[in-house]
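What follows is a short report on a single structure.
Order as written gives the chain letters A, B, C and D; numbering starts at 1 within each chain.
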Amino acid sequence: MRAPVLTAAEVLAFTEEVFPQMQGRFAIHSLGPGVLTGEMKVTEADLRPGETISGPTMFTAADCAFYLLTLAMIGREALTVTTTCTINFMRKPDIGPLRVEARVLKLGRALCVGDVLIFGTGMDAPVAHASLTYAIPSRG
Amino acid sequence: MRAPVLTAAEVLAFTEEVFPQMQGRFAIHSLGPGVLTGEMKVTEADLRPGETISGPTMFTAADCAFYLLTLAMIGREALTVTTTCTINFMRKPDIGPLRVEARVLKLGRALCVGDVLIFGTGMDAPVAHASLTYAIPSRG
Amino acid sequence: MRAPVLTAAEVLAFTEEVFPQMQGRFAIHSLGPGVLTGEMKVTEADLRPGETISGPTMFTAADCAFYLLTLAMIGREALTVTTTCTINFMRKPDIGPLRVEARVLKLGRALCVGDVLIFGTGMDAPVAHASLTYAIPSRG
Amino acid sequence: MRAPVLTAAEVLAFTEEVFPQMQGRFAIHSLGPGVLTGEMKVTEADLRPGETISGPTMFTAADCAFYLLTLAMIGREALTVTTTCTINFMRKPDIGPLRVEARVLKLGRALCVGDVLIFGTGMDAPVAHASLTYAIPSRG
């Protein structure tokens, strides 16, 4: 796998410009060839009774992480979209930021395929695992 | 498939009590043996540039619809949780409420399996399709 | 959804030419705009202890059914390949042919997305449900 | 993750007794806490035109690898069954044995969740990635 074409700061700046809702929500801890680790803040609206975090919030964490990683690998292509995501929910995360570990398994011309492990605050075992495919717009 | 054990009004009331965030967001249009149709309102936070609706919002619509249908079939079991969801994103929805058509394919003792078609406002073709499994807590 | 461009006989003949292993194994019962029903024979090698049919055999039935339907919709494109499949196994089929009901949910230029319900012999409830995406080769 | 309760030899012997079709087809290279690597032989019936290996064969490799790993972790429970599998096909494998790397992400009382990477002979990049869930029979 080759090196990313954007730095962590560049891909975050581009994403926050395109998705103003993400402003300040996501931090990238490391970025390398086909791999990204980071963290997503959790807000009041993400919580569920039983002192846990909602499924859609975990989906958002996986989707954002893989979007950031895909853009870091291919460059500023805002029209890159999720075509499919499978997410397995395995444990209840405690309340706190969600850590993510994303990796690209295949970067083709039309599709980027990979997966994301999601961890709760202070938990060693993953709370969810997502497999994602993004469609990359053709540069016609 | 047998008939639901809760009415549409009963399952909505129970869900809004357990998830106050859902208050007023979801409407049930019809409820029958293993089938539910409904609609989810979309807010400013659900929008994306390009005048469309975010992937996590479509995931939320599918998850809520299948949660309501599962509870309607099994009764008030708040601890029922999503174990896995695969969602295929097929078209960009226009801005407006999302219509959902959910069906149960298997209602077992431990797992409820089914799928949800999501439609955009004024669109005949589905914008997304989700396959979901919910774990049903054992009644000890 | 528009009409298929191949007849049931044409798509079966083309598939058996490309995949000689399928010879005589699959029958198409009906073919319409984005929908196909059919049946796959089960052989000794497909069986499992407990008088049932293996998971890989059900995967094969779903994959073949969606391949036939996709080709019927787009024409003779042998290089059409599965990019992703999610299959939920719900009940144990009795020994006997597997019936399939396949539908296309989106036929785009690059991807064909849909699902397949699989039924066992003499069973009303589905034994498995698969969601599939096929990549369609570009015609340069 | 705790250590397996069966050795590689024990789990292979048990599986070949339960599924005689697997006799001699699968080899385990390593087995540790929640992880297994191995190899599946490919036969004439697994090939496809274009000198490659069929999708159902890759599904079989993923399913067998995760079955062996699950049994190694929980013991001789032949009734353990796949409830769901998502498989992403990423590259065409050359003809030759398929190598597999399986890991358990969650081993619960009722469900075992994990994934499997599949590699072709002499290929560094994975040809397919599968996420699987197995249901573990209750020991009532």
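Note that a contact is a pair of C-beta atoms (placed from the backbone, for glycine too) under 8 Å apart; a residue touches a chain by one contact, two chains touch by 3 or more.
Only a predicted model underlies this, so the values are computations on that prediction, with no experimental measurement involved.
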Would you identify the chain whose Cα-based centre sits farthest away from the centre of chain B?
D
If you tally contacting C-beta pairs, which comes out ahead, C-D or A-C? Let me know.
C-D
Distance from the CA centroid of chain A to that of chain D, rounded to the nearest Å?
27
Rounded to the nearest whole Å, what is the centre-to-centre distance of chain A and chain C, using the mean of the C-alpha atoms as each centre?
33
When the C-alpha atoms of chain C and chain D are each averaged to a single point, how far apart are the two points in Å?
24
For chain D, residues contacting two or more additional chains:
83-84, 86, 88, 133
In the complex, chain C touches chain B at residues 86, 88, 90-91, 105-106, 108, 113, 115, 117, 125-126, 129, 131, 133
In the complex formed with chain C, which residues of chain A make contact?
83-84, 86, 110-111, 133, 135
Would you mind writing out the residues of chain D in touch with chain C in their complex?
18-19, 21, 45, 48-50, 55-56, 59-60, 63, 78-79, 81-89
